[in-house]
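Two complexes come next, and they have one chain in common, chain A, joined by chain B in the first and chain C in the second.
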Partner chain A sequence: MIGRIAAFGRLGLDIVSSFGRSGRFLAGVLGGVPRPATGFPLLVKQLYAVGVLSLAIIVVSGLFIGMVLGLQGYTILSDYGSEAAIGQMIALTLVRELGPVVTALLFAGRAGSALTAEIGLMKATEQLSSMEMMGVDPLRRVIAPRLWAGFIAMPVLAVIFSVVGIWGGMLVGVDWLGVFEGSFWGNMQSSVDFVDDVLNGVIKSVVFGFVCAWIAVYQGYDCVPTSAGISSATTKTVVYSSLAVLGLDFVLTAVMFGDF
Partner chain B sequence: MAQRTTEIIVGLFMIAGCAALLVLALQVSGLSPKSAESTYTIYANFNDTGGLTPRGRVSMAGVTVGTIESISLNTETFQARVEMSIHSDVDNIPSDSSAVIRTSGLLGEQYIDISIGAEMDSLKEGDTFYSTQSAMNLERLISNFASGR
Partner chain C sequence: MNSPAYISLKDVVFSRSGRRIFDGVSLDIPRGKITAIMGPSGTGKTTLLRLIGGQLRPDSGSVVVDGHEVPKLKRKALYSLREKMGMLFQSGALFTDLSVFENVAFPLRVHTKLPEDMIRDVVLMKLEAVGLRGARQLMPSELSGGMTRRVALARSIALDPELIMYDEPFAGQDPIAMGVLVKLIRDLNSSMGLTSVLVSHDVPESLSICHYACIISDGKVIGEGTPEELRAHPSGKVQQFLQGQPDGPVPFHYPAEGAAQDFGLSGGVS
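And then the complex of A and B:
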């Protein structure tokens, strides 16, 4: 009995100390501002790995999600004879919710897991400690570019996702099912507000990008340096990022669109 | 991969992001896309436009022949002035036609339906409909019915 209580206490201490370590880690990463001359090429390289290489999955899923929204929306709305509202339905769903959230989930699976595995392997093969021996700060050299790359790439990907999704919805709604194009765009434009909907969606994706990149690099940096440790750290990255994104999405939606 | 190639691709990626944001700003939430079709403009004055919105459709016998450009208030007559652009291949609308605001379905969006007149002359660029019929206001209809008028 006492043993169980002690185990429970140890669990709590572990959780609190891992929060503390990740906070100190974040402060260490953000505190060391890299010199532009050396930092910029590293950042560009990571932006390529994290952002450009994720583009294919983002564009393809965006297209299909938009097309499915178009089909489902048409089926439901045509019961009420208001299938012209399909444009505003697709645009609002994508710009407010699905764009940022689905992009973040895909991003955690595609880029976050890769970041964790890469950094974890660097730690396991003692590349990070050899960097420290040479007087190079691994936080500044390895971690910071990856964190910033995730932070920058995520909103860009989310905006591209939304645009491709709306285009896919238009493809199905207007070109296939025959909704009048003018009322498709007209309803959309009269109901979507740039600041309230588009910019709030972008803010959401900035937050998600930050959280996903932070979790990914921290899990890699903090992993047990064995093959089993790297594998569990990669799993944790995907699970924690997804949970954090969905939980934060509720909080942000309540703050942005809730009536209080 | 060479550093320069990577930089170019990342630059294109960032440009694509900015372009996507621009599309969201202009096409999805704001300014109208330019239609390539040539049109001419006619006007109609309504006592009540109801839920009519700009970029809604103008139809004739159920076929879409144009779009609503803008709705403004005429401060002298206190009527709503609706500007609509009609496709220029429909250039023979009789001048005594009337513009009627209708609703598609029970809850659908409102649009302008042109009911055809019999005059030989046709409406030209800048002309105004002689007779119009305002939006059906369900609440007013019910209250008229309830008060027995």
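And then the complex of A and C:
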């Protein structure tokens, strides 16, 4: 019994100290004056790695999710004779929820895991240590551009996801199932509010982008520098990011859309 | 030891994960000489280099490098002190996404504002010093282990440091690569007037080039002096290490319960 209580206490201490370490880590990454001349090229390189290279999976997923929404929406709405509302249903679902959330989940799986593995391997091969010994702070040189790139790329990817999804929904709803194009777009325009829906969706994706990128770079930097350690850190990145995104999505949705 | 100490460790105590790695280590490393720090695997030789470089802080005791008390330095001062240090890591630690040329150019680009053509000249000179001027366009994945260390060596001398620390430079090298590294370490020390700290357990190579050596075991310095003094050292442990004897003061067997009891023979066999 005492052993269990002790183990529970140790777990609590580990969690608290992990939060503390990640907070200090974040302060180290974001602290200091950025130098645009050296920082900008590094940022562009990382934007390419985490943003541009994630485009394929985001576009394909967005297209299919939009098409499925079109099909499902049509099947349900046509029962009530209101298939003309399919445009607003697809747009609101994507812009408010699926765009930010699914993009963040895909981002954690595609870019987050890659960031963790890359940083973990740099740690295991002493590249981060050698940088420190050359008088270069790896937090600023290696971690900061990756964190900022994730933070910037996520909202852009989420917007692209929603746009492609709406297009996919239109392909199915309008071109295939024959919903009138005017009501598809017209209903969408009249029901989607820029501030309440689009902006709130973007705010969600900004928060998710920050959290996913933070978890990914922290797990890489804090991993045990062995192959087993990197593998475990990569898994943790995907699991923690997914849980954080889903949990935060509920909180943000409650704050944004909860005033009934 | 006549030269003034460049690095001075006093009563350094350091523990990690509840294990005491150093238990009052005191050591002076002379300026402009090659000092070898030797000891069995797992005695914390690399940890000692990290304490000198300020990547780790001792639990107690002082680490002074060129007059600076390293554990007490603020971040900025520590990073500027590190610009005077070069370190050759055991794995080479080259940046895998940069070519050989860019690896050597990295510290120059970060710490100096030299024009591109001058950076090119300096990098080629450093690569020439390690015999790899022709390999400038290769990526780290295309290099052999020995070449990787030579490129890493060129990179660590790019800023003309005062101190260079070698972490197990000979480990896993073939005889030719080992010979090349021995020559390079000796030549660099004499031509650039570097203070060199060499961490190794390759006794013959280390003793052949060092001016001064110390042996660490069980968290303490068990012997120090010139190579000749060490060879004549009275300590059994020092002699066992230098001569590579399998059994002696450091036992061959890891402590275990009695063999008879372990094999289930206790009491049953007369």
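Rule of thumb we're sticking to: the second predicted complex is superposed on the first by the 258 of 260 C-alpha atoms of A that agree within 3 Å, B and C clash if a C-alpha of one lies under 4 Å from a C-alpha of the other, contacts with A are read in each partner's own complex, and residues count from 1 in each chain.
The definition used in the following text is that a contact is a pair of C-beta atoms (placed from the backbone, for glycine too) under 8 Å apart; a residue touches a chain by one contact, two chains touch by 3 or more.
Computed from a predicted structure; not experimentally measured.
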item: First, second, both or neither for A:Thr75, with chain B first and chain C second; value: neither
item: Partner touching more residues of chain A, whether chain B or chain C; value: B
item: First (chain B), second (chain C), both or neither touched by A:Val159; value: first
item: Partner chain(s) touched by A:Ala84 [first = chain B, second = chain C, both, neither]; value: first
item: Touched partner set for A:Asp137, first chain B, second chain C, both or neither; value: second
item: Chain B versus chain C as contact partner of A:Thr226, first or second or both or neither; value: neither
item: Touched partner set for A:Thr125, first chain B, second chain C, both or neither; value: second
item: Touching both chain B and chain C, residues of chain A; value: none
item: Residue ranges of chain A touching chain B (in the complex, touch as defined); value: 41, 44-45, 47-48, 51-52, 55, 80-82, 84-85, 91, 95, 153, 155-157, 159-160, 162-163, 166, 180, 182-183, 185-190, 192-194, 197-198, 202
item: For the chain A and chain C complex, residues of the former touching the latter; value: 38, 122, 125-127, 129-130, 132-137, 141
item: Of chain B, residues touching chain A in the complex; value: 1, 3, 6-7, 9-10, 13-14, 16-17, 20-21, 23-25, 27-30, 32-33, 53-57, 64, 67, 104-109, 111
item: Footprint of chain A on chain C - complex, ascending; value: 50, 53, 55, 75, 79-80, 82-83, 85-87, 89-91, 93-96, 106-107, 110-111, 152, 156, 159
